[in-house]
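Next come the structures, one after another.
Two complexes are shown next, each including chain A; its partner changes from chain B in the first to chain C in the second.
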Partner chain A sequence: MTGALRPYRAIVSARFRMLLQYRAAAIAGLWTQLVFGLALIMIYQALYRSSPAAVQPMAFAQLASYVWLGQALLAMLPWNVDADVRDMVRSGAIAYELARPVDLYGLWYSRAVAQRTAPTVLRAAPMVVFAGVVLPLLGAADWRLAPPPSLAAGAGFVTALAAALALSCAISVLINISLIWTLGSDGIVVLFTTAVALLSGLMVPLPLFPGWAQAALGWLPFAGVFDLPFRIYAGDLAAGDLAIVLARQLGWTVALIALGRWLLGRGIRRVVVQGG
Partner chain B sequence: MSGALRLYRAYAVASIRGQLQYRASVVMAAIGTFVATAAESVAVWALFDRFGQIHGWTLPQAALLYGMISVSYAVCDVLGRGFDAFGAMVKAGDFDRVLLRPRSTVLQLFGQDLVLRRIGRLTQGLIVLGYAIAAGTIDWTIARAALLISAIGCGVCAFLGLLVLQATSAFWTVDSLEVWNAFTYGGLMMGRYPMPIYRRWFRAVFTYVFPLACVNYFPSLAILGIAEPLGAPAITGWLAPLAGPVFLVVSLQIWRIGVRHHRSTGS
Partner chain C sequence: MPQIVVEQLVKTYQIAERTPGLWGAVRGVVRRRHRAVRALDGVSFAIERGELVGYIGPNGAGKSTTVKALSGILVPDSGRCEVAGRVPWRQRVAHVAEIGVVFGQRTQLWWDLPVIESFELLRDIYRVAPAPYARRRDQMIELLALAPLLDVPVRQLSLGQRMRCDLAAALLHAPEILFLDEPTIGLDAVSKLAVRDFVKQLNRDDGVTVILTTHDMDDIEALCTRVMVIAGGKILSDGPLEALRARVTRERWLTIDLVDAGAAIDDPHATEIRRDGHRVCLAFDPQVVAPAELIRRITGRHAIRDLFVENPPIETIVARLYAAHGEAAGGAA
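Moving on to the complex of A and B:
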């Protein structure tokens, strides 16, 4: 079993170390997300100040934590294609991928694991320090990323975040597979990434959507990437709900991996290698 | 001057003709941009659906802020591709060719590319603006309509100025910098809501450093007939948009300094 997994572990670790080199991009991204986070917090605070408590689905402190988690973990969201895969599809180098003695889906999934973790590792820690430590020191304690209310909430968050990573990678691979049909053009990818940004809780925390939309939003796969783990962290979902959250996340992960494997199998049969 | 305009028109026609060779691809990409920007308005709509108003501003009023800033940015986005992709140009050493031609660098870069697929963003912004105009909250006069149109024009200038500054920084860093996104995309998002909800230092950055509030928030007050809550005189809404063109002129001066500083990568 471990022997069969070795090539994939090697791919993850090689890609991970390569992606860790992009530090300048991480710093620039960090700065942008910091400004975004601050603007969002001020917008939500204004909305909370001028509305009755009855329409506020969670406390403002919980909402602030939700916003900062989203900014800190942005790179974990499956919202861009793997540029190397796009180049491979365009240039015909995908033929080399087919020649490798490993399962192609497993190979692409391993790439996705590195793509979703390395930039996140670079960006998350400084963002957490800023939102959790620096903000209170600057006198903006009400804007801060608060620690989870209980140990159970913290442990539940870590568990749900691991499942969120598995799910995010399954969605990432699906986006990459769509490139085989579109030959690397952006049409379908934009639809995918828009759905991810809107329905995961990145643009607006999902609890702020209208009440009638809540059930549907919760059952879609996208909530599992951001919204559900964040709400466990903030204590909006009780730690006892963890089992249901994990079931949703892992159920979708298995389904999307199966879908991805099937689509990749069909896509490969119609691949035309461009160029020589 | 007329020669410059003729040249720009020739550039633009060539760029559009080139893109129309891939008509289906342009249409698909434009639809994609439309959907992506429409999702952002859905997010804003959801907030107003739940909270009703923000700092006393209702959805149709906030839609004026949203529509104006979206249309301004979208026009800049269509026109400014040459500056947007300037980092890659410096990196590849292609800027040398621009310098060799006996025409202004600014004109050549604006003529570089007119990105048709970005019309999706413009269409979306116009729909939101249309809603704000027709929603019945504005007591329309000819002066207010003129202010709306000129404020959008001044907003285009402000965003173009930012794009020019971003490109100028590539002379020193030999790559385009993502740090500017904090102003472009950050500004695009914060500009959708009334300024008083932000802290003083945040407002100052987006008023005096990058004058987004001058081309968006202040003229919106004048058009909507809302008194400025922070105590600025009523005339502010009518004069503030001029900060947009001023910002562009200053940016172009800094660009000239950058061009003089330029050392080719030689590749």
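Moving on to the complex of A and C:
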């Protein structure tokens, strides 16, 4: 088993190390996200102050934690394409990917794992320090990222986050595969980015949506990437709900991997023609 | 049994066509017209273990398509292809583990990684055991003089340095067959010689079968005992370089340096094809007039400083072959 996985592990590790080099981008992104996180929290605070507590779907402290987790883990969201894959599709160098003795979907999934983890590692720690430690020191303790209410919630969050990563990578590969049909143009990806930001809970936590929308959003795959793990962390979902959350996340992961494999198989026949 | 067998290979591409202009673009959204381009039109050949074969043809002739089919990257429409007993596209993963491929216009190294890290990544991707890897790596480093380059990120390499590293990268898993797609494109003279020497040595010492596509006829003359010429998806010629030459033209060239630059050379059996100051180049057919006889006649009439007889360069031969094929194809259509 370890032998069979050796190429994929090597690719994840090499891409991961390479992406860790983009520290300047991470610092720039961090600043944007700090401002964004603060702005979101101030808006929701104003909203909460002007509405009766009875209609508030979750406590403000839970909401603040939810928002900060979204900002800290932004890079884990499947919101962008792999620039290397885009260049390969455009130039036809994708043929080289087929000249390697590995499964192409596995190769692209490995790339996605690195793409979703390396920038997250760079950004999450400083973000958590700011939102969890610095904010209370500055006297804004009600805006802070609070620790999970229980050990069970914390452990549940870590488990659900691992499943979220698997799901996010499956979606990321699908976005990359779409480049084969759009020939590397980002038009569709921009649409997709907006949709993911909204449907995952990054912009508006999903519990704040009206009931009918929540029912629909809950069954889309995007809730599994951010919303469900965050709500376990904040205690909005009980740790006992973990099994259901994991089932939804992994169900979508399996389905989207199957879809991706099928699409890639069809797409690759087109793309090999590029550059005759 | 030849190592590579290709029989009646056919591959047709559907190229989307769009009428020019705005109206064409609008119509293209609704209905695309497709034009079929036959990239391979019944290609057949067989290559024995240890051969070094040049594969040439004009742009769009089907060279890359053939190489892609042989490397399992592309599925042909019909025909048979077996490489070392494997059907490349049916057993792609098993197949590509046993071959090496270099596309001159691209790199298979990781742009941002130091060269040695790319090598280690390829070691893992090809599942090479540590001992054979170390042996092969050291051999490549020595033969291609890579030692000073190993810690340099690939994006900082010159094209010639990169190509040397790419050759090593394609050979770390010790393949028996190597496909080189324009390996000398864009290289300076020194780098070209280094690449040629290395390929020659690899073929001679390790018995690696090499198929080399190129536009550089010096590559062919320096390396290949056998040349296949493809144009319009068909093999036009397959055999030793000299046979190709003999097939296309018997012509030889006589170049003379005249004392008097203005002198007109008038000989019934020689045609002036180029004149550059004192230097005149004449074409003649040795079966019509013996070289010695022609030289005697010309030196009898003109004062001459120097002269030499040569074969037309292979570029000229190939250009004539392509042109003849173009006329034949044009006439048929």
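Keep this in mind: the second predicted complex is superposed on the first by the 271 of 276 C-alpha atoms of A that agree within 3 Å, B and C clash if a C-alpha of one lies under 4 Å from a C-alpha of the other, contacts with A are read in each partner's own complex, and residues count from 1 in each chain.
Please note the rule applied: a residue touches a chain if its C-beta (ideal position, glycine included) is under 8 Å from a C-beta of that chain, and two chains touch if they have at least 3 such contacts.
Keep in mind that this is a model prediction, so the values were computed, not measured.
For chain A, the partner that touches more of its residues is B, with chain B and chain C as the two candidates. By the touch criterion stated above, A:Met18 is placed in contact with chain C alone, chain B being left untouched. With both structures placed on the common chain, the touch criterion links A:Arg269 to chain C but leaves chain B unconnected. Using the contact criterion defined above for the overlaid structures, shared-chain residue A:Leu98 touches chain C, although it does not reach chain B.
Contacts of A:Arg9 after superposition on the shared chain: chain C is touched, whereas chain B is not. Note: no residue of chain A belongs to the chain B contact set and to the chain C contact set alike, using the contact criterion stated above. Those residues of chain A that touch chain C in the shared complex are 3, 6-7, 9-11, 14, 18, 21, 91, 93, 95-96, 98-103, 269, 272-273, 275-276.
In the complex of the two chains, the chain B residues touching chain A come out as 25, 28-29, 31-33, 35-36, 39-40, 42-43, 46-47, 49-56, 177-179, 181-182, 185-186, 189-190, 193, 197-199, 202. For chain C in complex with chain A, the touching residues are 13, 39, 60, 64-65, 68, 71-75, 92-94, 96-97, 101, 103, 106, 108, 110, 112-113, 117, 120-121, 124-127. Looking at the complex, you find that chain A touches chain B at residues 25, 28-29, 31-32, 34-36, 38-40, 42-43, 45-47, 50-51, 55, 185-187, 189-191, 193-194, 197-198, 203-204, 208-210.
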